[in-house]
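Please go over the structures that come below.
Heads up, the next two complexes both have subunit A, just with different partners, subunit B and then subunit C.
Moving on, here comes the complex of A and B:
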C-alpha cells in the first residue's frame, strides 16, 4: 500500500515536471512564431501592430508567468490551442496522429521484444558457441545500423526498385474502414515497422543474452542441475529470472523507439507524432510541439509506470521490500 | 593483466570478431587522421559543377552545390569519431555514478535519482536534442554535450538494477558486515561485477551518439560549419537522389561509412566485454573432452559397499600444465554408514563431489577411475544417464549458500519439482508437503519464497529436495558452512535423524574435523588431492598417525576435556599446480625426511586404519 502511494507521488511529480519542461523548452528556442510567419529580414511585410496581433492571438504577448498561467488554464480545459502552421485545433491534429504512432511503435516494440528475447536467451544459454557468436555478431551489426539509413535503404529497395510497397503515407486517399483500406494500411505499415523493429531488437537481444549469462552463474542453477532436473527444466529457471532485467529493457525500449520514430516517420512520410514534431520544430509551431512533446512523454512515462507495477509481479524479493518499506 | 594475455584469453571466434572490428575502426580512424591528404578538394566549398557523376577529378561526383562527395566522406569521419567518443565518455561516467549512488544508497536518494533518470528517459530523445540544438546552436561541442546529457540515463537505469542484485550477493554482504567502507566495496566488489554491462553500455553510448549526431544532421539540423555523413545524406534526400541513380554515389557511401564505424565499435566493444568478464574463464563450452574409460569392464562394488570409488583422478585443463585436483584416490561408503571426508580448501574435496555426482564441467575432467554404485560405473552413464540418477537414488546437498533456491519460485513448488521427476503432478505436490514437514518447515511457511526464510530454513528446504525421491546415497558438501553454530547443530541432527529413519548412506564433506567426527562412522583425511589417512573414526581419533591429521586435530579446540589454545597449521595449503612427485604435505610437515620429497608414500595398513606416510605407519 505504502509502495503504491509512494509510486503514485513520484509519478505525479514526474508528470508535473514534464508539463513544466514542456512549457519551458520550446520557449528556450530563439525566435518566436511571428519570425517564422514573417522572417525579420523581410521587413515591411509585417507591421509592429500585425506582429502584436499575431502574438496576442496565440497568447504569446504576456510575460512568461502570464503565458504559463494561460498554459495551465488551457491544459485544465483540455484546450491545447490552435496550430500556428495550419490554424487547426491542436487537439484534433495531435489525436489524429497519436493512433498511427501507437500502432507503429507498439507493433515494433512487441516484435522487437519477441525476437530479441528469443534469440538472446538462445545465445546466452550456450555462450561462446558457434550459434551464439553468429547470432551476436549479426545482431551487433544489424543493431548498429542507423534507423534512418536502414529506412532509406528499405525504401530504396522495396518501394523504388521493386515497387512492392507504396513510397509514403499510412493510408491511400479514399474510403476508410473497408477491408481493402485496412489491408492497405497494413501494407504501408510493413516498412516503417520493419525499420523500427530492426532498430529495437538488438538492445533487447543484448540485455536478454547478458541476463541469461548472469543467471547461469547463480547457485540455484547449480542446485537445479544437482537435483537432477533436465537441461530444459534448468533453462526454465534461468529464463524466469533473466526476464527481470529484460522486462525493464523492453519497456525502456518503448521510449527509444518513439525517438527513432521521429526520423522513421519523416522518411516514410508516415502521419505520426514524430513527423509532426519534426515539422513543428522547423516551423516553431509552439502549441503543436508542446502537445506532441507532452503526449510522447506521457506515453513513455506510462511505459515506466507499467514497469514499476509489473516488476514486483515477477520478482517476489522486490514485492517484500516494497511492502516492508 | 597485459593485452597479450588478455588476447589469449579470448575464444577464437571472439578474436575474429575483435579483429574485424578493429579493422573497421582503423579504416575510419585512418580516414579521419589523413582526411586532408586523402581528399584534394574541400568538403564544404564548391569545387566543380553540381550533380557531377563520379570521375577521375571527383571520385564520387559532386552534390547539388558542386561540393566534392569524396572529400565529404573522409572528412565526415572526423565529426563522427569526435562526437561518439566524447559523448560516450561523459554519458558513461555520469550514468555509472548515478547507478552506484542510487543502487547502493537506496532510500530517498535512490527514489529521487531514479525519477530524474526516468524523466530523462521519458522525454522523446531526438525531439529534445532537436529543440536544444535550435536554441544553443548547432556546434559540434553543443551536440556532444546535448547527446551525453540525454544518453547517461539508460546506463544509469540498467546498471542500477545490476547494483541492486550485486549488493545482495553473499560476499558483498559479508564484506559490508565486516566493516569494509562503502567506496571500497563499490570498487572491489560491485564495479567488477558491473564491468561487462558497463563496457557494453559504453560502446552502445558511443554508437548511439554517432547515430544521433548523424540523425540530427540528416534532419538538416547539424553543425553548418562541418560536413558530416548525416549532412551529406540530408542534402541527398532533399535533392531526391533516391529517385535517380545518384543514390549509388551520394547515399550509399556515407551510409556505408556510418555502418562501418558503428559495426566496428560494436565488434570491438563486444571483445572488450568478453575480455573484461572473468566469467569467461569458467563458462562456455571448450573443445570437447573425450571420456577416457578404462578398457576392462568395471568390477562391481563390494556387497557391503554403497559407493566404491577406485583410482579416481580429476584434472583441470588438458594443455601442457594440467592441475591434478584429485589424484588416484580410493574410497568406500559402506552400507548403513556415514563416511566423512575432511580437508582444507584446496584439498580437492569439492572436485571429488563434482566428479562423483557428474557435475564436473570443463576444463575439469575425470581422467581415470571407477565410481561404482552396485554394478554400475557412474562414469559410464554419461551426462544424461547421470542426470537421471541424480535426485533419484543419488542426492546432493551443496554448501548452504544464499542463492541455492530459485528466488522467484515458492519453496513448496521447488520441492515438488524434484518430486515430479518420478511422479505425476498431484502426488508430487503431496510428496513435497510430506518432506517439508519431515525436515521441519512449519506448514505455514511452505508457500514462502526463499528470501522470506532464514538460512537454516533454506538449507532444510534444500535437504527436503534431496530426499524427495528416497535416495539411497546422500552427498553433503559442507552442508552447514555459512550457518550459525546453533543452526549448524540443528542441521546436523536433522541429517542424522534422516539417515536413521530413511536408511540413507551419507558421504559428508567438510573442512571441520570435529563436526564430521560427531556423526561419521568412517573418516578420510584429504590433502593435496590425495587421501593421507583413512579408517574408522575411533581408530583415527585414538591414534592419529599422519602428521597432517595430528596438526588438524590440534587446530580445533577439543569438544570436551581441558581448554587449550588451538594450534594453527604452519605454512599454506598446497598449490595443487605445484605438487610434485613427493608427499604433498612435505613442505609443511614437522617430521619431514629426505624421502618424503622424492617419493609418494603409499596408503598402507589394515582396512580399519590406513596411512600414507614414510615416517609413521599404523602400529
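Moving on, here comes the complex of A and C:
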C-alpha cells in the first residue's frame, strides 16, 4: 500500500514538472509567433502595431507570470486554445494528429519488437556463431543509417522505381470510410512504417540478444542442460526470462519512436504529431506546442507507469521482493 | 505451436502489408482533368487578411480564387481584368473604374461596383493585417469611394496615385461585400472556404494537408482548362520530386533544383518550363550598427563578392548574378545597365584609404578599435541561402572582413531583425533572405524597403537613411509610370552607391510538370507558371481555346466536360467529393486495436510459461 502511494506521488510530481517545463520550453527559443507571421521572406511587413495586435490576440502580450496564470487556468478548464498557425482549435488538431501517430508508431513498435526479438534471440542463442556475427553486423549497419536516409531510399525504390506506393499523405483527399479508402490508408502507411521499423528494430535486437546471452549464463540453464533437457526445452526456458527486459524496451521504445516519427512524418507528409510539433516549433505556435508536448510527456509517463505496474505481473521475483520489503 | 508465437506475429504483420500492396488505384469513371500539385508549404485558407506563409506562391495561389481589377502588377501595361478600364482625374487623385458585366461570385451572388467600393474601404479601415492592406492605407492612401452606377465606381486617394492600375489595381483582391461586411476581425477566420470571382472555387481545405479547387465554369474568361486542382502539401523537397517522378504529382511549386535537371530531362513523362517570379537572394546590412553604418565598408564587402562563383557553386550556373542596382533585371523598373562591380584590389584599397588597417590575425580594425567582424544570419531551412552565406564569408575574408555564418530558423532571424525598442538598432549585423516578384514589380518597392526609418518598412529592413535616396524616391511616387523610369534608374544608381543590401543572384524559375496530365502551363513574367493564366484557354498552351462556356444554371460537381488537353487520358487520380474525417478515426482505432491485441498476445504468452519454466531457479 505504502509502495503504491509513493509511486502515485512520484508520478504526480513528474506530471506537474512536465506541465511547467511545457510552458517554459517553447518560450526559450528566440522569436515569437509574430516573428513567424512576418518571416524574412516577406520583408517584415509587420509594423509595431500589428505585432502588438497579434500578440494580444493570443494573450501573449502579458508578462510571463500572467501568461503562466492563463496557461494553468485554461489547462484546468481543458481549454487548449487555438492554433496560431492554422487557426483551428488545438484540441481538434492534436486529437486528429494523435490518431495517425498512434497508428504509425503503434504498428512500427509491434513490428520492430517482433523482428528485433526474433533476430535477437536467434543471434544470442548461439553467440559468436557465423549467424550471430552476420546478424549483429547487419543490424548495427542498418541501425546506423539515419531515418531520413532510409525513408528517402525506400521512397526512391518503392515509389519512384517500382511505383508500388504513393509518396505522400496518410489518405487520399476526398471520400473516406469506404473499403477502398481503408486500403488506400494502409498502402500509404507501408513506407513510413517500414522506415520507422528499421529505425526501431536495432535497439530491440540488441536488448533481446544480450538478454538471451545473459540468461544462457544462468545456473538454471546449466542445471537444465545437466538434467539432459533437450536444447529446445532449454531455449524455451531461457527465452521466457529474456523477454522481461524486452517488454520494458518495447514500452519505452514507444516514446522513442514517437520522436523518430517526426522525421518520418516530414518525409512522407504524414499528418501525425511529429510533423505537427516540427511545424509548430518553426511557427512558435505556443498553444499547439504546449498541447503536443503535454501529450507526448503523458504518453512517456504512461508507458513508464505501465512498465512499473506490469513488471511484477511478468516477473514473480520482483513481486516477491516487493512484498518482503 | 506455442513456441512459434513471435514468428507468427512477424508473419502476420508481413501478410497484412503484402495484402495491402496488391490493391490497385481506386477505380475511376469518365475522367475530368485533375491536376495534382505538390505545394511546398501550406497557405492557411487563402484569406487575404492573413500574413503570407507559402511565399513565393502566396499571391498567385490566392488569385486562383480571387481576382484583381487589373492583371498584373508585374508589367507596365496591365490588362483589364475585373475592370474594363480606369480613367484618372487630372491630378491622379481619383480614378473612375468601369467594371466587367455578368460577373458572379462563387456563391452565385452578382458582382457589382459596391463590392469594389467596399473592398477599398474595408482594406483601408483599421490597418488590417496581411500583405495587401498597406497598399491602401499606407501608400497610396485611400480616401473614399463613390458608386456611380452598378458597373462604375470612383476611388479617391489622399495623394496622387499615378500607378493605380498597377498598385493597388493589379494587386488588391476584390472581396465580396455580402460576406465580409459583417466581419469585424477578418484575421480570425483562418479555416473557412473563400468566396471570390476567380477561375477556381475552393471546395475543400484540410489545414496543413491539402486543398481542392474546382473549376468555376462561369468564369468570365471561359471555363478553366482544368476541372480540378488537387493540392497536397508536400514539404519535403526530395519527397516532392520523387512524387513527380512516380506520377503521384503533376507539378511541384518548388523550383527544380539544379542537380535534378538532368534526371527530369531524361524522363519522357516530365518536361521543364522556365519562367520567372522575379526572385532574388540578397544580403542586407544593418546600416545602423557601428562600422556597418559606413557606406565604404558596405561597398567594400559588396566588391569582394564574386557573384559568378556563387551562382556556379550554389545554383549550378542556373541563375543570374545579382545587380548592384537591386531590382530584378526582368522587372519593368530595372536599371538597363545593372552589373556587379567585383574587384578585390579596389575593395582592399578603399578600406586601406579609409583607415581600416589589418590587425595581427588579418582582420581589419576600425580607427576606433572595432574589428570588422560580423555575424551573418541565414535561414536554416534554405540550403541555397546557407551555402551562399558560407561563400560570402569565405570571399569577404580576402579583404580582411571576418564573417561568421549563423544558421537560424525564420522566426529567430526575424526576432534578430526587430529593434529591442522602437527607434533602437536591431541586434542583427547582416542576414540573407529571398524576395519574390511583388518586391521587384511594385513601382514603389525601393521606397517601401529603403526609405529612411519612420516611413514604409525601411527601418525594419536595413535601417538605411540616405537623404539623397529619400528625395529621389519621394519624387518618383507622384510621377506617372511612363515618366517614372528615369527616376527609378536614378534611385537604383544611388542605391548602388550606398549599398543597403547586395543582391547575390536572381534564381531562374524552372518547374517540372507531368506532360500527360496537363500540358497547358505558360510562363507569366513575374508570376512564374503556377498562376491563373496557365489555366485559362485564352492564354494557356492548349489547342483551340473554348472560351464559349456552357451556361448551366447550377454547375454540378461531377460534370463530364472534356477540357482541351493534348492527349490527356488515363489520369488515374481518384476523384471524390469532399468529406470529413469521421471514418478515419474509426479506421485508426480498428487498426490500433488489432495491433494491441497482437502485442498483448506476444506479451502475455511469455510470462505465463515463464512461471512454469523457472521452477528450478
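Brief remarks follow.
Here is the rule we go by: the second predicted complex is superposed on the first by the 312 of 325 C-alpha atoms of A that agree within 3 Å, B and C clash if a C-alpha of one lies under 4 Å from a C-alpha of the other, contacts with A are read in each partner's own complex, and residues count from 1 in each chain.
Definition applied: contacts are C-beta pairs under 8 Å (C-beta built on N, C-alpha and C of every residue); 3 or more make two chains touch, one makes a residue touch a chain.
As the structure is a prediction and not an experimental result, all values here were calculated from the model.
Once subunit A is used to superpose the two complexes, subunit B occupies space that clashes with subunit C. Contacts of A:147 after superposition: subunit B is touched, whereas subunit C is not reached. Residue contacts after overlaying the shared chain place A:258 against subunit B, while subunit C stays out of touching range.
Applying the stated contact rule after C-alpha superposition, one finds that A:290 touches neither subunit B nor subunit C. Look at A:182: by the touch rule set out above, it reaches subunit C but stays clear of subunit B.
By the document's definition of touching, neither partner reaches A:204: not subunit B, not subunit C. In the superposed pair of complexes, A:10 makes contact with subunit B only, with no contact to subunit C. Of the two partner chains, subunit B is the only one that A:226 touches; subunit C does not reach it.
In the superposed model, A:155 lies in contact with both subunit B and subunit C. Of the two partner chains, subunit B is the only one touched by A:130; subunit C is not.
In summary, superposing the two complexes on chain A brings one listed stretch of subunit C into steric overlap with subunit B, and the stretch in question is 314-322; the others among 80-88, 170-178 or 314-322 show no clashing C-alpha atoms.
Contacts of subunit A with subunit B, set against its contacts with subunit C after fitting on chain A, overlap at residues 29-30, 152, 155-156, 160, 218-220, 223-224, 237, 240-241, 244, 266-267, 281, 314-316. Listing the residues of subunit A that touch subunit B in their complex gives 6, 10, 13-14, 17-18, 21, 25-26, 28-30, 126-130, 133, 136-137, 140-141, 143-149, 152-153, 155-156, 160, 203, 206-207, 210, 213, 216-220, 222-231, 233, 237, 240-241, 244-245, 248-249, 252, 255-256, 258-260, 262-263, 266-267, 277-278, 281, 289, 292-293, 296-297, 300-301, 304, 314-317, 320.
Interface residues of subunit A facing subunit C in the complex, by the touch rule stated above, are 29-33, 35-50, 53-54, 57, 85-88, 93, 96, 99-100, 102-103, 106-107, 109-111, 113-115, 117-118, 121, 152, 155-156, 159-160, 163-169, 171-177, 180-187, 189-190, 193, 218-220, 223-224, 232, 236-237, 239-241, 243-244, 247, 250, 266-269, 271, 275-276, 279, 281-284, 310, 313-316. Those residues of subunit B that touch subunit A in the shared complex are 11, 13-14, 17, 111, 115, 118-119, 121-128, 130-132, 134-135, 154, 157-158, 161-162, 168, 196-197, 200, 204, 207, 210-211, 214-215, 218-219, 233, 237, 242-243, 247, 251, 255, 258-259, 262-263, 265-267, 270, 279-280, 283-285, 357, 359, 387-392, 395-396, 398, 401-409, 417-418, 421, 449, 451-452, 462, 465-466, 469. The residues of subunit C lying in touch with subunit A in their complex are 3, 6-7, 9-10, 13, 16-17, 20-21, 23, 26-27, 38, 42, 44-45, 51-53, 55-56, 127, 129, 131, 134, 187-191, 204, 206-210, 212, 230, 232-236, 238-240, 242-243, 245-249, 379, 381, 408-418, 422, 431, 433-436, 439, 448-449, 457, 460-461, 574-589, 591-592, 595-596, 598-599, 602-603, 606-607, 609-611, 613-614, 616-617.
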